[in-house]
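First, the structure itself, so that you have it in front of you.
Think of it as A, B, C and D in the order they're written, each chain with its own count starting at 1.
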Amino acid sequence: MILPPIPTPFDRQGRLDPGAFRALAEALEPLVDGLLVYGSNGEGVHLTPQERALGLRALAPRKPFLVGLMEETLPQAEGALEEAKERGAFALLVTPPRYYHGSLGEGLFRYYEALAERMPLFLYHVPQNTRVDLPLEAVARLAAHPQILGIKDSSGDLARMAFYGATLKGFRAYTGHAPTFLGALALGAEGGILAAANLAPKAYKALLQAFQEGRMAEARALQERLFPLGDLLAKGGVPLLKQALRHLGLPAGYPRPPYPEESPFWPRFLPVLEGLREEGWIL
Amino acid sequence: MILPPIPTPFDRQGRLDPGAFRALAEALEPLVDGLLVYGSNGEGVHLTPQERALGLRALAPRKPFLVGLMEETLPQAEGALEEAKERGAFALLVTPPRYYHGSLGEGLFRYYEALAERMPLFLYHVPQNTRVDLPLEAVARLAAHPQILGIKDSSGDLARMAFYGATLKGFRAYTGHAPTFLGALALGAEGGILAAANLAPKAYKALLQAFQEGRMAEARALQERLFPLGDLLAKGGVPLLKQALRHLGLPAGYPRPPYPEESPFWPRFLPVLEGLREEGWIL
Amino acid sequence: MILPPIPTPFDRQGRLDPGAFRALAEALEPLVDGLLVYGSNGEGVHLTPQERALGLRALAPRKPFLVGLMEETLPQAEGALEEAKERGAFALLVTPPRYYHGSLGEGLFRYYEALAERMPLFLYHVPQNTRVDLPLEAVARLAAHPQILGIKDSSGDLARMAFYGATLKGFRAYTGHAPTFLGALALGAEGGILAAANLAPKAYKALLQAFQEGRMAEARALQERLFPLGDLLAKGGVPLLKQALRHLGLPAGYPRPPYPEESPFWPRFLPVLEGLREEGWIL
Amino acid sequence: MILPPIPTPFDRQGRLDPGAFRALAEALEPLVDGLLVYGSNGEGVHLTPQERALGLRALAPRKPFLVGLMEETLPQAEGALEEAKERGAFALLVTPPRYYHGSLGEGLFRYYEALAERMPLFLYHVPQNTRVDLPLEAVARLAAHPQILGIKDSSGDLARMAFYGATLKGFRAYTGHAPTFLGALALGAEGGILAAANLAPKAYKALLQAFQEGRMAEARALQERLFPLGDLLAKGGVPLLKQALRHLGLPAGYPRPPYPEESPFWPRFLPVLEGLREEGWIL
């Protein structure tokens, strides 16, 4: 499965644009296996609770979708969980509480277990953003919960992926790190939830299929061809992704201020994007 | 100046308790030079915008007070700024946007400058929690703004304090790191905004006064005497601080779930607290 | 190609044992494609220059062998280079100078280029031990030198492997990180120089061959089966490797004092080793 | 006490220059309280055992001197210890074994205790170079040994200094971090072993004396005045220190290749050095 973490559109003044959000989701959905809303590239932490609800209500996905939940405490998480459930999300994608992570202790397990009682979820390990660890021992313990279905691991640390594959049977691992996508698949990942799949959905689906059908040479060639796309996007983040989507004519809007409208990586990214577009891999 | 970052009381179910908040603030205020609300130990990030406003309206400090602002974007920060201004706060205490910090770039300056246009502020460097850096070059650049008055630096990295003291004249530096308090003063800090000052306000005021009056031997003896209090509190964080205040009969409430009600450091902390209480240093 | 970084035997008093060294090398060589002497697990940094020469002269490998060179300056590296050349090593495996790495600057390139003028070499990135980075930009620049043949990358950071595969054509990448071995192969690694290949040489050769022949299911099964061996060995290091080899009756000797004779990981490692031995994968 | 870690002179071809070494030591010794040979700025790790002995025999200090020992194992450390003892060193200054630090375990204590049986020593914590930690718990345990006299802590992490001062009575702490020197003194350091004391010995002696005599305003003014000297030297390291000493006419020689002869910090450092020289603070 290939899912894009779709961006949340803001206008240049930083106002949420629900119409654009729906249009963007509808443009991307046919090309992929489902959507991730408010995930790593969805600026979930840039919304007030009201805006968060408003945005979600603007969408009506037909394919399975996940909703990201990057809150700090259980009372704050409850509203977001209810909305996701009500809107028919397949599962939540949940980062650990982070601001006071050093004194969280067993609260880590209470947090995930309290949410999982009410709705299926995936763990979400994205230390580039959360800047906290989700130790392998904790993942193994949480994996035993029947409603904790798997993990999205965006760290790019494939020793973690190898651990999931070798020791957690039935636990579904998705990578969020495009530059090592094929490596993750070889170590047991089920698919990718990739920012780059907002831009090159067919390419990542083709790569996955080549791998699954044993066409390794083709998979490797595609992995190498896509490397600069995923690599630069990992460096440029939300501003670069939104700029690229705008360039392609999609209503992705702008990052919320004070994040920059234009990415310093754009001059390096544009030729990569255009090169792949010429080969038919973009959207 | 000695200011405590006062905790925000929640009941055991995690509900904000505005009455307790006011009672706690009124109990502490007479013992110190002012208050920090929603700061490092104030769980500002654990509140919805509504709760945040509700809590602030419950307080009526007579001494100067700062309001912590740990938001991610300008639109989210605006409400908090307005409330702080309306309630008569002396200044804001502002952490950098953090979740997408890697793609913030010049947005760091836009963020602080946009807020400083509307209200005086202090920078807030607390990497234990924010997990992002606030480089010295950035501090020096921001220090030139007339409404950016200074910094609270909780890192305990005194090379930063030495830099402020030696190169940023008129820029007011406060330390948030009790275990090195006297070292920070020697390198130019103006005072402390210290979690431990919620428990031992007189002691930290006495230490500061001894330093200011050149009684270094007395200052050093007090610094060493207080070391375990500050050191353990830095490790135990909010759960330990609230547990200690409850033990002393103050309405500090509980950390918001899933954070633990009781700290694993309590058995080591209790004798330290009681020892200092016997000597008359606690509250 | 699968190469083991063979350990350097010391007796319990910490004296180098050249006879054991030769016996160990001769026992392992027939099972693998070549040897790495004085590499990550070879304690090259635990030898005086005289001992280093003495040890090397005790060996007479018939297959291609690499010699590790983990020196701090060019004058110190020269003796080691001469000995390796004289003994017929295929190439050096060279870590960056590390103790004053922060002020090395362009010296990094002078170092590698001066050595490469005299003998082919591989870069050696093993940040667990050297604790310095070898940035991708530096690797790319050095890869242009005709006598810098490739890299052994033990970091387990497969984004690096993906970078080599996608951007450095003809540059030979070997992984030193067993837990992600198959991931590294999928991203373009040519083989492995693996501590675990001292214990399970046939298994890693079989894994490599299965991958190369497109038998991915078999490769994955073997990767997962070998995961605990590589994972624990990465954690236990030299003391664990030597203890395991002694257990298997090989003359690996002891780590040099003050390193411990027995590893705290041994109780967890022994059943893994015995389990694999029963399946015929050990030596 | 103020001690400089004196550099070890090499000529431009990287050959050790024992005559220059002696001349440099004799030029500096009268201005300070003693010397540190082969310490943080002494490139001890850049010498073969023979060179190390040769250099030490060239010196004949009259004041107390320490000898740095940055070896990896006990057998390697023994020769260095014997030479230091024979030459009349007051004590060793000993870093932890580092290359395989992750599997050292209790070997850390065996290492220090075996050396301390034979000669008094100071622990040496300089994580910028060794890149390993020396945990406070380990320091506390080692401090109980009668021949382990104290520590040189160059980390600049003054929470460590506060810990020594508050909890390890009689344990002698020296800082190696000039930018925070006065902060370290305030927290209990006994003095400094400072690269900058090679250049401005009188200034650091004056700062220490002002502190000891309670003239805090003077101490603070001097601390701030010296800040850029210590700060830039911490960044520029050995190449900058040697370049500055050569500029002042002292026979410090060059860093060993491939380290650069000239520091990129020199253009910023020269005016600082000249400014202090005009005020009479340089040598």
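Just so it is clear, a residue touches a chain if its C-beta (ideal position, glycine included) is under 8 Å from a C-beta of that chain, and two chains touch if they have at least 3 such contacts.
Since the structure is predicted, the reported quantities are computational estimates derived from the model, not experimental observations.
Counting only chains that touch, the fewest steps needed to get from subunit A to subunit C is 1. Because subunit B and subunit D carry the same sequence, their contact can be compared by residue number, and over half of the numbers here are used by both. The greatest centre-to-centre gap from subunit C, using C-alpha centroids, is found for B.
Copies subunit C and subunit D of the same sequence differ in orientation by 180 degrees, per CA superposition (steps of 5). Computed from the mean C-alpha positions, the centre of subunit B lies at a distance of 36 Å from the centre of subunit D. Centre-to-centre, using mean CA coordinates, subunit B is 49 Å away from subunit C. Across the assembly, subunit C contributes no residue in contact with two or more other chains. Annotation, chain-chain contacts: A-B, A-C, B-D, C-D (touch as defined at the top). Those residues of subunit B lying in contact with subunit D across their complex are 156-159, 161-163, 165-167, 177, 179-180, 182-188, 214, 216, 219-220, 223-224, 227-228, 231. Per the touch definition, subunit A reaches subunit B in the complex via residues 14-15, 43, 45-49, 70, 72-76, 97-100, 102-108, 110-111, 114, 128-132, 235-240, 255-260, 263-264.
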